[in-house]
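So, here's a batch of structures to check.
The same chain A turns up in both complexes below, where it pairs with chain B and then with chain C.
Up next is the complex of A and B:
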C-alpha cells in the first residue's frame, strides 16, 4: 500500500498541472472504449427486449412490454397462466445456489489444509489448479458425461461390483426408480439434478480455491496458536477463530460463484431434464433456436441480469452491515 | 552504402511492380475462366461426403469449382445469413434449408433470390411439392430428403409394430430418447398415430390434444435430446433402448456394429427434406442454376443416396438404385410434417409443448 502511494506521489508531484492534462486524454479514451464495449451490448439487448415477434418469420423493432409480460405469465395470458419461465428462473437460482455452496464447502477445508503445506507444495497445487481452469465447460461436461454413462461409467461400476443386484435385493432400487435415478435395468445418473449440480460444482471448484487462497494464507497463525494454548480443540478453533475471520471472503466467493453459475449452459442442457432446465437455456433457445424470437430471449436475459444484480446488491449490503 | 541501398530498393520495387502488372494482365482472363460457387451444407459427415463425392462430380461435369461452407443446421444458419445479407456480404451463394426454414425465409423476405426453372430443366424430375414457389418465384428446389425413424436396440426389445407401443411403461420405462424440439416431428408422429395427422395440428384444440397425448409418454423418456450426438452416445452406451433418430445415421451406426435398428412401424416415419436456396445478394445465379440442375439429375440423386445416405427426391424407377440400397435410405409409409401449422402458431405450439415438458 505505502509503496504504491509513494510512487504515485513521486510521479504526480513535480508538475501537477501538465500531469493532470496528459493523464486525462488517454483516460478519457480508455473510459470511452470501456463504456462502449460494456454498455453497447447491454443496451442492444435492452432495446431488442422491447421488440415484436412476427409469427412464422423473424421480429421487428417496436416498443412493447409483451415479452416481459410473457416471462411472468406466459404467451397465452389472460386465457391461460403459466409459470413456465419463472420455473426456469427458479431452477437457475436453485442450481447456482447449491453448486456454489457445494464448491465453497468442499474447497474451504482443502484450501485451509493447502495453506499449511510447504511453500513448494503450495505453489505446485496452485499451478495444478490454475492449469485445470484451461479446461472449457464443454470438455468438463463431456468428461462427466462419460463418467456417468451406462456402459463406461458409474452405472457400469454399480453393475459389475454387484451393487445394482444388492440394491434390487434390498428394495432400495425401487426407491431409486421413484427418484428417477434408475431404469428397470440399472441405475442411471443422466438426466438428474445430482449430475447437474455435481458438474456445476466441479466447474467452479478451482475458482473457489483461488478465491479462498489469499485470505486463508494471510490468516494470522498466532491467533490460532493462542487459542490452542488456551485449550481450544480443532473444532472450537475453526468455529470461533477461523470461520468468523473468514466470513466476508466466504460470502464474497459464494456470491461470485453463484453469479457465474447463473449462466451455465452446456452442463444444464446435457444433464438436466427439460422440466428442470434453466433460463440461460431458454434464452438461447429463443434467440438461436427454431423461433428466431430475439426479443423474448432478450427480455429473459434482462430478467436474469436483474436477478443477479439483486443478489449482488444484497450481498454487498450484508457484507457492509457485518463489517466491523 | 545509402545510395546503393536506395538503388537496390528502387530496382526491386520496380521489379515487383512489373510482376504485378504482368500478372494482372495475364491473370485476369485466367480468373474469369475459373467459375466458382460457394455452397453450404450441414457440417460433419454430411458435408464431408458432399466434398468427397458430389462436388468433384459437379466440377468434372461443368468446370465450376465448389467451395464448401459449413452450416451448423438450418435455423441457426438463417440467422447468420440474415445478418450477413444486411451487412452486404454473404458466406455462401447456395444454402441448404429445411422446408420450414425456407418458408420462414420467404416470409421474412429479401433473403432469397428466385431461381429460373428454364435454366434447370432437370428439376422436372422432382415432384412439384419439392419446388417451393412464393410470390417472387421459385426460391427453393429440393436437394435431398431424410427420414426421422423409430429406432430400437434389438438386443433389448423386439421391433414395435406401432409407435403406440412406446407409451407402454412395462416395456420402455425411463428408456427412450426423443427430440426436445417442438418441431422435430414428434408431434407429427403422435398426430399420425392417435389422431388425423396433419389436419389435427392445424387447429389449436388439436395441438392441445396431441400435446396431452405426448405428455403421457414422459415417464418412458430418459433423454430429451437437443443435439444429434447426445442421442448417438446414449444409444451406443445403452442409456436408452429406443427413440427417434435419423434413418441414415442409424443405418450407418448399425453397419459399424452398434446395437441399433431403424424400424418403419405401421404409421410410418416423418420425412423431411432440404432445399437449395440462392442468396438474394449472390452474383452466381447462373452457376447456382447449373448446380441445382446437376443435383436434380436422377444419377446425382442416386449418388447422394449411396454416398450420403439421403433419400432420393425422384421416383425410384428413374434411378438405378437397387431395392436394398433404397431400403437403406427410405421406406413407407412417410409422415408429412405440418410445416404451416408450426409456423402459423409458432409461439402457441412452442410454449404449450415446453409447458408439457416442464410439467408447469
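Up next is the complex of A and C:
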C-alpha cells in the first residue's frame, strides 16, 4: 500500500463505513490532546459562568443566570438598572471598530503598493512587518507611552516647536480641550480615546497587511492591464477593478482585526480613562484582580466570546451570500 | 508621475510610523540613569549587562521566556504535523474539524482562552508550573505550524509520489524520502513563527503563570507601575532583534512571500 494509491482510493472510492471509522491509537491520542487543550478551556469558562461566588471565599458550581443578569442589567435589577458592564462592552466595540477600520484603511493602499514591488523587496518588507507584528503588546504600549507622555513625548514637541502657542492663538486649543486632548497648559494624549485607538490600530496594522497580502498579490494583473489599455486612469482602475474583487477580503480582514481587538488588555489599561475601560479589563479584574469573582469574570468572557462569534458568523453569512 | 511620488511617500511614511515607537524605546535603552529619556542622556551599554547578566529578576525572566518559547514551539510543531497531514492526505470532514478545533484558540480573543486555561490548570493542580505555561502556548500557537506545513504539503509534486510508488516505495519510505524533506523548510518556518509569537505573548501567560514565575513580557508588565526603566528598553531591543533575525532567516532560506500567501515564485 502506498500513500498515493491510498489517498486516491480515498478520493475516488470512499471506503465502506466500517473501514472509515477504524480507530488507531495515535488518532485517539491526537483527538484527546486537541479536545483537552483547545476545547475544554472554553467549555470551562462557559460552565463556570453559571457558578456563584461565596462571600469571602472562592466560588462554587451552580446553575444561575445571576452573573449574566449583572452584566446586562446590573446586580440590583429589578429595583435599579445599572449599565456599567454594558458600557464596558460598548467601549470594547467602540475602540475595536474604529481601530480595525483605521488599520484596514491605511494598510490597504500600503499592501497594494507593496505587492507591486519586486519579490526581493516584498521579502524585505515582510520581514519588517512580521517583526513589528510579533512585537509584544507590552513593548508597543511602552513605546507609545514614551511618545505620548506629557514629560518626554509629543506634548513636549508641541510646546518646544511653538505648536501649542499656535493652537492657542487660533482657537483650536479650546476644541482640543473639549475633546479631552489638552489640559490648561499644553496638549495631552494620556489618557485619551485618541491614544487608545491609535495604539490599538498600530497593534493590528501589521496583521492587516498580512491578511490583505494574499488576495492583493494574487490579483489578476491582466484585468488591470486590460482596463488601462482601454484608457482607465489609476483611480478608475482602483474603483472599478480592484475594489470590487477586494470587497470580501476587506470585510473578512476587518472582522478578524475587530475580533482580535475585542480582547486587547494592556493598551486599554494604560491609555483609556478609568470610566472608559473595556470588558477585557473587567474580565481581568474579576478573575485575577481585587474582586476575585471567577464566575462573574467568566460570564463577561462568554459575552465577549459571543460578540466575537456573532460578528464572525455574520461575516461568513455575508461572504456566502455575495459569493457568485 | 505624481502618483508614483505619492505612493513612495506614503510607503515611507508608513515605515516611519511603524518604526517610531520601536526606535524611541531602543534609543531609550542607552540611558545611563534610571529614567527613560529620548534622545538618551550619557549613552552607555551598562543596561545590557544588567539585563543579561547581573539582575537576577531579568535573567530569570529571560530564561523562562526562552524555555517556554522553544519547548512550546517544538510541541506545537509535533501537534501540528498530524493535523496538517490529516488535512492533506485524507481531507475528511473529521480532519477538517480537528484542524479547526486546533486553530480556535488562535482565532478567538486570547483573553478568553487565557481565563479558561487558568481554570483548566487549577483543576488539574498544575497552575503556576512552567510546564503548564509551555503546553498553554503550544495550544495557542499550534495553528501557525498547521498553516505553514499545509502550504508545504500542497507544494509537493504528486508526480514525485507517483514515482516513489512506481519504484516500490512503501508508505513509510515515501514519507521519509519525499514528503519530509520537501516540507522541512515549512516545518522549520512554522516552528519559528510559533517561537517568536510565544516569546512575545503576554495575556495567556499572564493567566496561566498565576504570578508564580515571570517571563520577560510579564516582568515588563509587572514593572509598568513603577515607571519605565532603560533595562526594560534593553528587553525590547533584544526581542525585536530576535524577531528580525528569525524572519530574515526565513526569508533568506525559505520563500516568505509564498508562506504569506503570494503565488508561488516563477523560476
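Keep in mind that, in the parts below, the second predicted complex is superposed on the first by the 296 of 324 C-alpha atoms of A that agree within 3 Å, B and C clash if a C-alpha of one lies under 4 Å from a C-alpha of the other, contacts with A are read in each partner's own complex, and residues count from 1 in each chain.
Definition applied: a contact is a pair of C-beta atoms (placed from the backbone, for glycine too) under 8 Å apart; a residue touches a chain by one contact, two chains touch by 3 or more.
Being a predicted model, the structure only gives us computed values, none of them experimental.
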Which superposed partner A:299 touches (first chain B, second chain C, both, neither): neither
Partner chain in contact with A:145 - chain B first, chain C second, else both or neither: both
Partner chain(s) touched by A:308 [first = chain B, second = chain C, both, neither]: second
Chain B versus chain C as contact partner of A:203, first or second or both or neither: neither
Chain B versus chain C as contact partner of A:270, first or second or both or neither: both
First, second, both or neither for A:100, with chain B first and chain C second: neither
Partner chain(s) touched by A:288 [first = chain B, second = chain C, both, neither]: both
Chain B versus chain C, judged by how many residues of chain A each one touches: C
First, second, both or neither for A:234, with chain B first and chain C second: second
Contacts of A:41 with chain B and chain C, given as first, second, both or neither: second
Doubly contacted chain A residues - partners chain C and chain B: 145, 152, 270, 288
Contact footprint of chain C on chain A as seen in their complex: 1-7, 10-11, 20, 26, 30-31, 33-35, 37-45, 48, 106, 109-110, 113-115, 119, 122-124, 126-132, 134-140, 142-147, 152, 202, 205-206, 210, 213-214, 217-218, 234, 256, 259-260, 262-263, 265-266, 270, 280, 283-284, 287-288, 294, 297-298, 301-302, 304-305, 308
Chain A-facing residues of chain C, complex: 3, 7, 10-11, 14-15, 17-22, 24-25, 28, 36-38, 79, 82-83, 89-92, 98, 101-102, 104-105, 107-113, 115-120, 123, 135, 138-139, 142, 158, 161-162, 164-165, 169-171, 174-175, 179, 196-197, 199-203, 206-207, 217, 220-221, 224, 228, 232-233, 235-236, 239-240, 243-244, 247-248, 251, 256-257, 260-263, 265
Residue ranges of chain A touching chain B (in the complex, touch as defined): 53-58, 74-76, 82-84, 87-88, 145, 149-152, 177, 180, 182-185, 188, 190-191, 269-270, 273-275, 277, 288-293
Complex interface listing, chain B residues touching chain A: 75-76, 78-79, 82, 100, 103-104, 107-108, 156, 173-175, 180-183, 222-224, 226-227, 230, 233-234, 236-239, 343-348, 350-351, 354-355, 357-360
